[in-house]
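Just so it is clear, A, B and C label the chains in written order, and each chain counts residues from 1 on its own.
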């Protein structure tokens, strides 16, 4: 009996201790790294506080660093303006929930609406509806097919990313004099259009050098998925010359797999431009030699431009009195040489 | 191995009217009996594995000609199967016990994320492992309490947990990928003892422990009883509710172990990790001969189920075939395995006999 | 089940004495019957010409090897096939012949004939040359021990299995249904013991399940309901609403729905597998009334039951199966002596053997139950059982006896009252088992057995932890202990305790359940309907086992619907009715009639049920 109760006490105190430890363990303040335009009034007259602008903002629930960075950037940039009020609604897990969330947002009549849709085609109608209601829509990254559904479209260039990665790899291999290179590719979720565009650009750029992809193993934008895909790829290609991994987040896993198999004979190009990737490129101690950007800084820019639209201002460097209709960010190639310059854009 | 399976099916094709010599018939009957079902199934799965390897060797002879590569490839397959294999052991127990656990992937995510927060990492390796295991067990216990004492259907309770636990993981991680800075944890995946990866040892250990637990302990006996006929178990004096609770905790523990393995492999954890592991684990258990309605199943079969999946992935990778085709083949294998389970051995041979005559 | 007593009022009230029925063949007694002339016109030649011929025709004799003792002589026996038409006012002529099946047989025509039917399963020859002949409008009883092949035979007729050899003739055509649907379409409907109804569909939907009335894919609910109502009226149960959910019906109601389904297919032969097993006494009477009406409409019924009484009551002719063979065909149901029926089933001549009881020494009570109550189930139950004593509770299904037993065992929580075993309060199953209580529940398969597991694991289900060391099971010890108990209980087949328990007969499965508690060192055993689904031969062995237990000092508290069983086995009898223990007496001081009277609260004496 006493034996039993002693066991219970021991177990109980262990459980309490574990509970205390575990609760403490959730405290988690990761270094958030947001990209904010902090121009002051002297540098840019547009920065001067103006008419009050209410910006409605909606982006999918983030399960991935890039989307998280989009939301964080938007919030941070809005916070930098005294004349901007940001009303952010999370768009949940699918297009339908986002549609519902946007309906309530539109009902609140914000001055401008900034949204990263789950799917451009599925939310096209919502864009049209808001525009008809007199709310200018800033369409972020995933494009609406209907030009009437947005006032401004600002997006990255997936095809361009593939081109940039392919071009960098082609040039490097050419300069090393590799004639018949083995090139691997680790895309993200293969069924997404953006993945297909990236792969298409990659293949086209390589083709200009007469190269092609030897093997591609899709992952799922997660680190463990990247690790699995990379392990398979490395097993399938006992000797490899170059590797393009579409996404720096899953790249953590890809690099882990490379380290676990002790492979060093190839170089790797990343995608998106995360801070970890830029740091690794700067340090130059892994196979990761470059990354092609698809920067979430576009969210910051979207908020800035939404404010200008709301205040009826143009971009001061341009002659036009209004913000242009479409902006496509160039995918840039970050290497050891220019990494310092891009460090502040890493997410 | 394939020889054995074909040989086994031969005598059944001759009509059983003529009585063979008594001893031979006894042996043949044992092989055809229900008791030999797990053995037949495992032989079948080994046959499938052999066929897959033969296909691999035929399609990529230059790779299979290299002994070192073959050895490494075997380890790669085992390593890729390690985390999911550990989860499948837990899942097999839950299913034999008459339940189902849809939340395993989400439990891995919570355990992985919780054990890689900056605060947890500051407690070092032991702190991280402890956290992952305890979080796994606690989430499993919550499942168990909801099912045993809250009387929720296992499907519903663990479905809810699947959604909720991913939410908790996303909340803790702030939707970021949490990189593990702990070199000890990170090195688990890259270390080999006596030339064999540590992850493979972990898998072997968990499978062996699972086998002993199921086949040699009172816990295992209770599991089969509770899943086979809960009312009979209850009226025989077995505490069915408490045992069910323990089963889900066991599944949670396996998830905690898998979370460490995955964190080590990816050197990071995030809320979306271990995506769809629940389906892979259930499929592997089913392929391995575990009855979805409970009461019957084997750990070894489940291991073979995982290995079949892992080998298929490997086969498709080395041939640069699309993952779409791979998923179709996986689906077909699940269906085929369940069909084999439904057709009794006898009726299957009858079917073959009828179509051939 | 006991030797039928022809003088019992309940039976003589509704069934004419043997001998008088034969004389009454063509004549209808006056009363509320339709005019005889009309009946003659419709039935005409079939009744007056064919039937006597059919009656005189000797039973199709199975080959000598199947019936070593020779055939019963049918001569002089009244053809049992007559009775339905004479007793009830219904005649085939009244029933509008359903369309689509022109070859409707006349009453008394042979509709189904089986000859030398063989069905083999791996390792078992389940049917080994079955002869059977069924006539239109008769109730043909199938008698046999468990494992004699009755179930397989039904499944062959129902299209579940296909016969390997032999011929089946149905309405003059060779018959080999490829599926249950095909059998249904041909007019053979089967009502299984475990009714195959969908609980969450309505009565009408169940009746027409699988052949729903529809137009362009849309269900015709109104017309289905109308037709169902018609069928229910035909069954004399038009008070059941076609829209009612089957879940809400009692067992008897569900059986009516099963029959409605059979009639919705326009069945000419209805096979009933132990239909009375789930019914209370007056429900059985109602069932018999329906069966009589159906047979009067020319429908043939194959009736399977363990209860000889019922066979005598409802049956016309009896075919006996043993080990997959017909050992006697077409015996007259009412006049064949019990001794003969039993001997053809078992090779034995005595139906029940109750071992002699040595009187138990008066010891302190082992089990003490005080004022036990569960609202709506039973109230204020107090009883005691001494070591080595057998206490029997007699009561109908629904009297609260099973609930009482389960509550004593801790499987149900009592609202009030206490249970003590050897001075220990019992509130949970775990506590009950630890204190030395064991229970063999009513539903063996669903409540007691792990059907896929071997015998020894079923036997050690409540004691395997005791053989274990540090949590590790010791299957060697378990097997040895199980084998020893199996031998002591004369478990058959002997020897191998590794066989799956599924392969054992009902009686032997029950022995395993009893053995489970013997292994656990149980001091008090609760038995709920210990001989349900156990054939006559195995019952005697079980009785012996129960006596041996008591002789060893184990207290036994048993519940049974079969009064002779309670009287023959127990030292003391408790009578339960509507949740109350209403009477207690030593078994030697009470007789069957008294117990029956108490159990039924006089309903038996009232004669015809309403």
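Criterion: a residue touches a chain if its C-beta (ideal position, glycine included) is under 8 Å from a C-beta of that chain, and two chains touch if they have at least 3 such contacts.
Model, not experiment: these values are computed from the prediction.
Comparing each chain's Cα centroid with the centroid of every protein Cα atom identifies chain B as the most central.
Relative to the C-alpha centre of chain B, the farthest chain centre belongs to C.
If each chain is reduced to the centroid of its CA atoms, chain B and chain C end up 45 Å from each other.
Work out the mean CA point of chain A and of chain B, and you get 34 Å between them. If you average the Cα atoms of chain A and of chain C, the two centres end up 72 Å apart. In the complex of the two chains, the chain B residues touching chain C come out as 16, 29, 32, 34-35, 216-221, 224-225, 228-229, 231-239, 295-296, 346. Interface residues of chain C facing chain B in the complex, by the touch rule stated above, are 122-123, 409, 411, 429-430, 432-434, 439, 441, 446-454, 457, 461-462, 464-465, 468, 471-473, 498, 500, 516.
On the chain B side of its complex with chain A, the touching residues are 63, 66, 69, 72-73, 76, 79-80, 114-115, 117-120, 123, 127, 130-131, 134-135, 138, 170, 172-179, 186, 189-190, 262, 265-275, 313-314, 317-320, 322-324.
Per the touch definition, chain A reaches chain B in the complex via residues 18, 21-22, 24-30, 32, 61-65, 67-68, 190, 214-218, 220-228, 231-233, 235-236, 238, 249, 252-253, 255-257, 259-260, 262, 276.
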